[in-house]
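In structure tokens below, several structures.
You will see two complexes here that share chain A, one where it goes with chain B and one where it goes with chain C.
Here is the complex of A and B:
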């Protein structure tokens, strides 16, 4: 059917218009995603940044004999409610350790109660007018200040909001990741080597392959159930321990490591293998000395991304008892431990506004760690990547 | 491939070391009610800070979930203590017995009221228990016959009530708060009504009017702030912590205040408990100190620390009675639970 030039140019116009529309549509999708990200980050920053500062007040501490029995007696009545109980309860212990303290009085900067901290940050609190007057007086004399919150990075969880910190959760996360890596990396890479380099291509291996790909998409909570059944109930690994958590997260990370390692291995061209066979290398020698070293950057990248995912995971850990009140930092793999996202989850369930602040600050810390892990992965890939 | 060998051997060693660790331990393991959780963890922290024992590990599993774990057996990898915001049920006690958990001591620590609360941007509200039950039950009597709950607005139930849609956020079935709410409001009302055959009926509506908000009471508080039409069901301590955002409704003419809850005038109040597995006492020596600290005047009396975070203390003579019972590790018996 013949078309006139008019028809064609009209059609052309229509098609170009459509193309422009689609471009704008996809761009607005990007903008929407960007807006969500910016909103989330600013919300977290606004809520979380105040948590990096903590209120302190300067008061006179009286190391009397009475204070060794009843710590509240160490401070004067008007500031008694304003000093953190977490500080006061340590006084008897400190006096027992250092006997020369007895009978002395000194001015000390001490951690303030969370309500004082919130008041100094300009929030509404349940403080009484009398207490507010005392804080105002202290602030005027330069004896009530916000200082950098070192406790947030050196303390474990606490029921006293002003004392609560991330340290034990961070140590728990490190221990868990060590176990995850020690378990998932060797098993994952060796599985990938076998499937890619040794296994025959038959129905069975293809079946395995499909299942490994499916495993990577399984909801993580199921790995928690598996971990409970296998590691805790069958092998008797202690509940809530970094070992149980690490192995469970290792199961979850395995498919990711296998898939990325296989991709890295298959990216090594066959000419390398043929050259090795040509000088008489066995298949294992060719893999060990040539293929594996060349594919390592890709394998590392995949493993780091897998680990980053494991670091942010909470769902499977609920089932194996790691979402709990665990304020002490674990000193071994078999002790009860909690992890960063679990700590954030616990704080999110607390009513005091100091915890709301800490929840957001914890998210900021976790995000920073995750971004640096992923940046390392990108860096490794860029630096060692081969182009064939 | 040295790193592989090293890490594999390392892992094998760790695995081997971990198997068969069920001998004496320093760290107490506690599970149970999310309502008792803040009080128990406060005591746990105090124990960790002021003694040489490590801080006990406390999991917030809900009362029912805690009983299940606690009664699983008497081996050392089961919890030593479970918290509960209601008494142990006879069925749970029997389950415990069947699994060899026979020597249990019961401890009462104080009270908690269940608040029926809303955002404080609204006018204050007052309900009877019957009105609340009629708003939430799946089947209600209309002209003496049970029908699917037709009420969509509070004013449909009684014209004196506000013209607001009924929407209630509350805890899930594993929660002790839910158990107590069902028993103290729904069942106690329906037992008095002929239409239900004078039997307790506590099936909640499934048409989206009652919204299950999970074990996280904080979530309910946040929902109420945004959704000012709605009401929420949660423990009194959360109402107290959020007094700047929420207001509790009067129930049967009584406001949720500490005195009214402790005296029992406020009709929806309950007692808080924990249960001790005495067979663990020798292998987990810290248990004794923890229990003693929890039951001390310093913690749960009228002058105790836990009052400051929302526990409603028992009257002193009742407290002394419980302190004595717990100190003697009086064994719990089935007849004691009925």
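Here is the complex of A and C:
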């Protein structure tokens, strides 16, 4: 039966309607991803920003002889529970260092206990009514305030939430990344140079290529098993050390650096190589003096992206023991260290509620570093990219 | 001597030998040339020749010594190895310097040496793969000597803690395989969370790829691509925290509202968050594949009077299907091996259930808990991590292999070189 023109135009309308629906449907997927990102970042900001401020109270510190023995005696009984125990513990040391303190009494702004800090930020706490009354009185007199939390950036980890900071983890991260870069950058670039400039098209080369792709697909936790079995158990690298962590992450970063460096090398046109050969350069001279310098921006971009990924990696480092409690920053590559994401993981597992905001704040710091690293990479690429 | 002192001494020694070799080699070459002799190569090339003949033997000896020391810890003290390596390096420096003569073909020697150094560097990635394979394989074999392989694959009771108690002489001691290492609940938990993740990631990822490849104006693409890449760049520990602190309580209260009972460690929260993490992996590869379907096919279809929707559904997508499947498989392999999200947000209790609102644990969680506990390294409880790692390794490698083959088929069929 032949269709009437009416039928056909109705059908056509339907088909075009479907087509428009499809467009909106596919666009909504993209919007969903964007909305998630916004929600996620807002959530982290709401949770994490309060941690950049910390509660302080002004109390009278009595540097008596008794306080040198028993730090708790340095403050009056009513505020004794409100002052951070970590701060009190430092008093005898300070008195020993500065003998003129002995016998003096003065008003000082001191770090408050984490419960006080949470109360000042308007959260539910386990404080008793009597303590709350004291805090309210102090706040009325302007003696309880939130101040910028410098300790968060200068302290190491602590079992007291108000004392816990990122410094030792940040230094650990830097040490680990130095090892990672020192291992993965030369090896990765040399591998890329071999594959792009020297390798004949034979079985070994194809095997290498397949192998590098496989290495990129292996789950990160298995690199941790490798680090544990080879670096720590076999070669005797100290457990939890920046050296073990850096080498493990170096192997993980290797495929990223190789793949991006190869792309950068192959973007250099052959005419450059031919010109170098034409004036009698050997293959290595052509690579060293011409191809490599021209592809360096691309190689750096790839390496920065690889480093950013290594900086955010946690799973393999947990396996090789880098979640240890490290209050003091490591000073060498073989000392036990922890890294930023591992510190975040440790805090996330803490029972005290005041660690939640520190965890989120740590995440904000980590994300800021990662975004600036990636932005640097994009900037480098834009600035030095050569279009041939 | 401490490990770091040994390392520092060695690297400083090699550096010193190298610098010494460079300047001595060059000054000798310059002197010889000034004497009127016709040199085969440039002075700089003689300098590098000397550097290699000094540092090369030292580095090779040090690497052999490190491997021997790894095998037999007390074969000889570490400082002796450093002394031997540096001594040989000094000897090499002397010999190399002696060979700097006009007829020495330093340039060709250098070229050959560079090639071998590059091959050695390239072999490290092979060593890494085999290192992973063998380190896992050997420990896994030791595990299967203690426990039954068959029960590991088919058993439903995963209780490494009981195995620990038995080894300590408490609990019911059993001879031979204990029946505490049946990994099916772990596989089931991993499968459940991966399935949830793919249910989130595949529809959103592929739709986003279709929009970006087929509809989006360039301006939108320029914004959307980096946004998706940010999703891929967020560390997994951050996703884990988000899943545990924000998403899981939301799911619990949502389930409460409809009268369901959900655990705070439910499988849904890590699954959904993991799905979001995987979106960019799927969308970016799918986008590339869809974009490289030849436009002649689209034009042919549109010329027949089809709408854009029909062209995409009946022409472009079928053509791009191998690539999309390949992207999905890569996403699955990533989900299977993902660790931090499940460690932080999924449960620790092996639980064989089909209800995503219950808590369940995964292969990767069990690996982490086996290796972070206080168990002895030689115990079956610790070694079970390597058996699980072996399973993970084999499955992800197989998925990667299939995915590479699919992509290659697509590339050959449409003669695309950009992928």
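As a convention for this text, the second predicted complex is superposed on the first by the 369 of 388 C-alpha atoms of A that agree within 3 Å, B and C clash if a C-alpha of one lies under 4 Å from a C-alpha of the other, contacts with A are read in each partner's own complex, and residues count from 1 in each chain.
Everything that follows uses one rule, which is that a residue touches a chain if its C-beta (ideal position, glycine included) is under 8 Å from a C-beta of that chain, and two chains touch if they have at least 3 such contacts.
From a predicted model like this one, the values you see are computed outputs, not experimental measurements.
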Clash or fit, chain B versus chain C on superposed chain A | clash
Go through the superposed model and pick first if A:109 touches only chain B, second if only chain C, both, or neither.
-> neither
Based on the superposed arrangement, let me know which partner A:326 touches: chain B (first), chain C (second), both, or neither?
-> first
Can A:93 be said to touch chain B (first), chain C (second), both, or neither?
-> first
In the superposed arrangement, which partner chain does A:238 touch: chain B (first), chain C (second), both, or neither?
-> both
Counting residues of chain A in contact, which comes out ahead: chain B or chain C?
-> C
First, second, both or neither for A:334, with chain B first and chain C second = both
Taking the superposition as given, does A:214 touch the first partner, chain B, the second, chain C, both, or neither?
-> second
Name the contact category of A:186: first (chain B only), second (chain C only), both, or neither.
-> both
Between chain B (first) and chain C (second), which does A:351 come into contact with in this model arrangement: first, second, both, or neither?
-> first
Residue overlap on chain A between the chain B interface and the chain C interface 186, 190, 235-238, 243, 321, 323, 333-334, 348-349
In the complex, chain A residues that touch chain C = 15-16, 18-19, 21-23, 25-30, 32-34, 36-37, 40, 43-44, 47, 186-187, 190-191, 193-195, 198-199, 207-208, 210-215, 217-226, 228-230, 233-238, 243, 251, 254-255, 258, 282-284, 308-309, 311-315, 318-319, 321, 323, 332-334, 341-342, 344-345, 348-349, 356, 359-360, 363, 366-367, 370-371, 374
The answer for chain C against chain A in the complex is residues 2-4, 66, 69-71, 73, 107, 110-111, 114-115, 117-119, 121-122, 124-126, 128-129, 131-132, 135-136, 138-139, 203-205, 207-208, 210-212, 214-216, 224, 227-228, 230-231, 233-238, 240-242, 244-246, 276, 279, 283, 307-310, 312-313, 330, 333-334, 336-340, 343-344, 364, 367-368, 371-372, 377, 385-386, 389, 392-393, 396-397, 399-400, 404
Over in the complex, which chain B residues touch chain A? Could you list them?
-> 1, 4, 7-8, 10-11, 14-15, 17-22, 27, 29, 34, 37-38, 41-42, 44-46, 48-50, 54-55, 57-60, 77, 216-219, 221, 237-238, 241-244, 305, 309
Of all residues in chain A, those that touch chain B in their complex | 85-86, 89-90, 92-93, 124, 126, 156, 158-160, 179, 181-183, 185-186, 189-190, 232, 235-241, 243, 288, 292, 321, 323-328, 333-336, 348-352
